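Two complexes come next, and they have one chain in common, chain A, joined by chain B in the first and chain C in the second.
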Partner chain A sequence: MSQPTTQRDKRTAAPSGSDRTPPKTPRASSWASMPLPVRHLLLAVLGLVGVTGLLFVTGDLTALRIAAVGYTMLAVAGLQLLVGGSGQVSLGHGAFMMIGAYTMALLVLHQPMLPLAANLGIIVVVSIIAGIAVGAATARLHGPYLAGATLILAVGLPGLTHRYHDLLGGSNGLNIRTAGAPPFLQDLLSTSEWRALVVWTTVVIGLAVLATISSGRLGRRMRAIRDDETAAAMAGVPVGKTKVVAFVIASTAGGLAGGLQAYVLGTVTPSSFTLVLSLTLLAALVLGGIGSLWGALWASIAIVYLQIWAGDLAGAMNLSRDAENNLPIVFFGVVLILVLRFWPLGVHGALQSLRARLRARES
Partner chain B sequence: MTHFINLTLNGLASGAAYAALALSLVIIYQATRLVNFAQPALALVAVYAAYTVTQLTGSYWIGFASALIVGMAAGALVERVIIRPIAKTSQLNAIIVTLGLLLVIQGGVGMVWGNEQHGFRYAFSYVGRFSPADTFALVSVGVVALLLFAVYRFTPFGLRMRAAAFHPESARLSGVKVGLMLTAGWGIASFIGALAGMLAGPPFLSPNVFDVVFVFGITAAVVGGLDNPFGAVIGGLLIGLGMSYVSGYLGPELATLSALAIVVIVLSVRPDGILSRPTARKV
Partner chain C sequence: MTTTAPEHLLRADGVTVRFGGLTALDDVGLRVEPGSVVGLIGPNGAGKTTFFNVLSGVLRPTSGTISWKGAPPPGRKTHHLAKAGIARTFQGLNLFPMMPVIWNVMVGADRLARGGSFSLISGLGRHHRDEKELEERAMAALVRFGIAEYATRLPGTLPYGVQKQVALARACVGEPELLLLDEPASGLSGQQMDNLAEQIRGFSKDMAVVLVEHHMDLVMNVCDHIVVLNFGKVISSGTPAEVQADPAVTQAYLGTPANEEPADGRPVTVDPGQNGAAR
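What follows is the complex of A and B.
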């Protein structure tokens, strides 16, 4: 890789929080000397332990919300890698969630003896195929053209459920029943707590993989392409291939998230995968902070809890149903515009600059 | 054969609306180098305004006029207040801001007018093969396109608009108020977008009524070349015809996905649309 590209790469990678200044304490240095995948897996286990603890102190309803935060986070993290990493704006992320969700529903309905892990594996394969198809078809499109093409995908795909009404159930969608906690755990965990755990186990593994990719060679290549396609090509980065791979990774994360959503909610309908979903995912990503996977966490919390708060607010203020349903959408739109105007690095960027300021005061 | 002729005539009529929407996208793209994803939302506001005015006054044509005026004002306002501060930062940010605007306006319309469908009448009777409403659609879009061409080509105002779009720096040096021209461009584009909305909205209005129309509009603009107003009009009519045939022979659910196929195929062969000339790039 040529000198200018590496320099630029370092500069843009810095806000992502993965590259810190050389550690000073011995404890930190043993942490830093571990290989990246191990570090990410340890963080993932830590995250899972945290979520489990949270599940035990909260109720059943919160368990469902925690699960929702989980799968939304996986979807947003995939989008983060695509938009923040490789700079391709996809407005069709909801379409991949839809593919995953319907795959899950069809598998549960028609192959009921398959275990959940096998279902998730098949969803990964299906999402990879879908990602390759869309990514290869759109590899030559850039900027607004790519955004337009993926927008068409997001609007058009739900129409297929009407076309294949018998298989996909039309606008009523499909309802599925999945097994709850295994017998030996039933005293300990309720069904929704078990589901939340399954979701988060998948999510943390997915996030560890995404984090490893993002800080590895592939991630560097993506950022090089995002910053300057011509320069990246000059430096020997295979531009087309890397773009398609980014697309495939994002679609896999989206598909898995959709599959988990179907597993938790037990129902899939075309009306839950509209253009608004895709736009909300993108909006939340920008709100959370487009440069970092941490942004995905804030984003998914915002998506899940805004819906709930809007309901509470509308109830408290006696607003109409129309106002209640549209409040989150309007909020996301306003946030999208304001954040980009005044706070372009999102919540995560703001937290980081706060931390930097505190550290500067200490020294 | 009659089926084919009916589909052709229907396709031309709906193609007029797509052409108008594509034209509004192209005007903004030429002026600001930005695909305005909020264009269907601006049209939505205009059409809902027409709906309310028509209900209050009882006259469709007062409603029609107010739609065009509201559309124009909304476009100019959006450029001035929201787009201008952000357009300089990056293309990605500008795209995302128009998407934010789309969310705000769609949600806002849903809050004010409700998510349910409202009946909304056509300008003229829509009964029969090539109805008066269809004729009106084609004629109005044709007249607007010709007027636009005449203004751009033959008036000093049009010359200033073109100068501001193609060479903002030198235009500014020769005394053209570039900012004002940008606002005017957005106003004109949203005026045409509102016209497209009035043609494509009936018989029912709902906050996401223009999602599919926008898909065809952007397909038309991309196929014709985002840089080329003629391409937009021709692309709109072609997409109208193509979608009419797909809906008639294969099923309406496949229309949007075949639009995607068209976009992908056209752009893979010609990355900047059919009618655009390849741009020279300085290295």
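What follows is the complex of A and C.
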């Protein structure tokens, strides 16, 4: 999950600075020699253990919030790879979440016997198909034109629920019931905690995959395209194909996130997947810090908790319903402006420069 | 065009490029043999860079054929040519600004990675070995070009001369069979230019080189064969000595033959072949 650049820094800078820094411990070097997927899966397990611990010390209500941070993070991380990695700005990420969420709801309603893992697998397949369709259609578009094309997706897709009212439930959406914890765990875990665990298990696997792609050959190809398309092509990078692949990866992460959201909330409505969601995801990415998956973590925490705090604030101030509904967006905007005013590289960028300053003081 | 002699690495025949009403290239041909250094010269606007873009697949010619090792190129897209073994540098360098130098060069080496799509996407299989190998190759290239100390720096933070070496390293690290250099000497000092000439002669041990260049010193120094373009047409070609002796070349660079006087500071856009001729 660490940023590839800094990783590289550490590894290649070590020999030159070896007279100052202590020699590399065998553990550190064996860590670096491990293949990326192994490394990231180990980090994923570690993350999952951490979340489990967190679930046990916090209550039932927080479990739902932790789950929300989880699936939001997966969605933002996918967007991170697309925007920060391949340089394609998508305003339609919420649409992919919607596709995943509705796929989950329809599967639970019409194929109740399928296990959750199978549902998630089907969501991956559906999202990949959606990603290929959108990615192939937009691979030749750049900058604002690409943003515009994906904007159509975000605006248009929720309307489908009205067009196919019987299947998709119109503006009321669909309600689903999913099973809680398996019987042998029911003494140990509440339904919310179980769901949070399911979400985070999927999320850490997804993040491990994203981190592996991001810091490997494919990630480097994407960054090369982002930085200079002609030079990348001249180095043998298939530009169009790589762009579509980036779209597919992002749409898969988004679809899975949407599916998990439907699973946790038990309801899907078109109003939760409007353009506002897509814009919020993108803005949160900037807030968290573009270019690193850590940025996605801060972004998802911001999305989930700013919403909650804004709601609490509105409640405490006895605001009217309209004001209460709009306060989170205002709140989010103000925080975004403040963060970017003081930390132009987002929260992750700020933390990195803080770390660099601390390290400089040490030596 | 039917039977291309196999000794030609790259062969262009009758390449014509029209931009609307403007004919940028008119029936231009070129032969590049393995291990040779071919210079492409001509006054500003002669069509050198356009021809370069055709050779590297960035631009599709209006008509004409390109053959690579006696066969049509493996694909029409730029990356197909790159995969087949053609690398190029750019006049404006076009380094990847947000990536450290080592990653810049690793992208250049990417075509040598042997893992397929599966390893590319999953990070499994050959991926780990590929990455190690690419990094080793890139590092070796940085050492060869004398810029190893800048491996973790971003290109934008480096002096121009170093950036040029990064661009060369990125182009050479993929072990191309043909290297296209677009004005490699621009912005270099005299000393750096001498080093560059040596480098280019070094490249030709492993690969053929085609260069577009304004500095006649360099061109006359390193090229085995020179093609002179003017207004999109080949006006002369041959060895450096032949080209220098060709009155058509003098005319293109210096103006009408009425100017018999040494034409220093005349309506000349580039340093004419005087210095090279003096050698």
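Heads up, the rule we're going with is that the second predicted complex is superposed on the first by the 330 of 363 C-alpha atoms of A that agree within 3 Å, B and C clash if a C-alpha of one lies under 4 Å from a C-alpha of the other, contacts with A are read in each partner's own complex, and residues count from 1 in each chain.
Definition applied: a residue touches a chain if its C-beta (ideal position, glycine included) is under 8 Å from a C-beta of that chain, and two chains touch if they have at least 3 such contacts.
The model shown is predicted, which means the values in this text are computed figures rather than measured ones.
*Asks:* Tell me the contact category for A:I205 with respect to chain B and chain C: first, second, both or neither.
*Replies:* Neither partner.
*Asks:* Scan A:V245 for contacts with chain B and chain C and give back first, second, both or neither.
*Replies:* Only chain C; A:V245 stays clear of chain B.
*Asks:* Pick one for A:V237: touches chain B only (first), chain C only (second), both, or neither.
*Replies:* In the superposition, A:V237 contacts chain C only.
*Asks:* If you stack the two complexes on chain A, which partner ends up touching A:L340: first (chain B), second (chain C), both, or neither?
*Replies:* first
*Asks:* Per the contact definition in the header, classify A:P35: touching chain B only (first), chain C only (second), both, or neither.
*Replies:* second
*Asks:* A:R223 contacts which: chain B (first), chain C (second), both, neither?
*Replies:* second
*Asks:* Comparing chain C with chain B, which touches more residues belonging to chain A?
*Replies:* Between chain B and chain C, B touches the greater number of residues in chain A.
*Asks:* Pick out the shared contact residues on chain A: the ones touching chain B in one complex and chain C in the other.
*Replies:* Shared contact residues on chain A (touching chain B in one complex, chain C in the other): 230.
*Asks:* Mind listing the chain C positions that touch chain A in their complex?
*Replies:* 56, 58, 77-79, 82-83, 87-88, 90, 94-100, 102-103, 106-108, 110-111, 113, 115, 119-124, 127-128, 130-131, 134, 139, 149, 151-152, 170, 174
*Asks:* Looking at the complex, which residues from chain A come into contact with chain C?
*Replies:* Going through chain A, the ones touching chain C are 4-5, 8-9, 12-13, 16, 35-37, 209, 212-213, 216-218, 220-221, 223-224, 226-228, 230-240, 245, 291.
*Asks:* Note which residues of chain A are touching chain B in the complex, please.
*Replies:* Within the complex, chain A touches chain B at residues 83, 87, 89, 91, 137-138, 140-145, 147-149, 151-153, 155-157, 159-160, 162-163, 230, 274-276, 279-280, 282-283, 286, 320, 322-323, 325-330, 332-337, 340-341, 344.
*Asks:* Under the touch definition given earlier, write down the residues of chain B that touch chain A in their complex.
*Replies:* Interface residues on chain B, with respect to chain A: 29, 34-35, 37, 82, 85-86, 89, 91-93, 95-97, 99-108, 110-111, 114-115, 207-208, 211-212, 214-215, 218-219, 222, 226, 251-257, 259-260, 263-264, 267-268, 271, 283.
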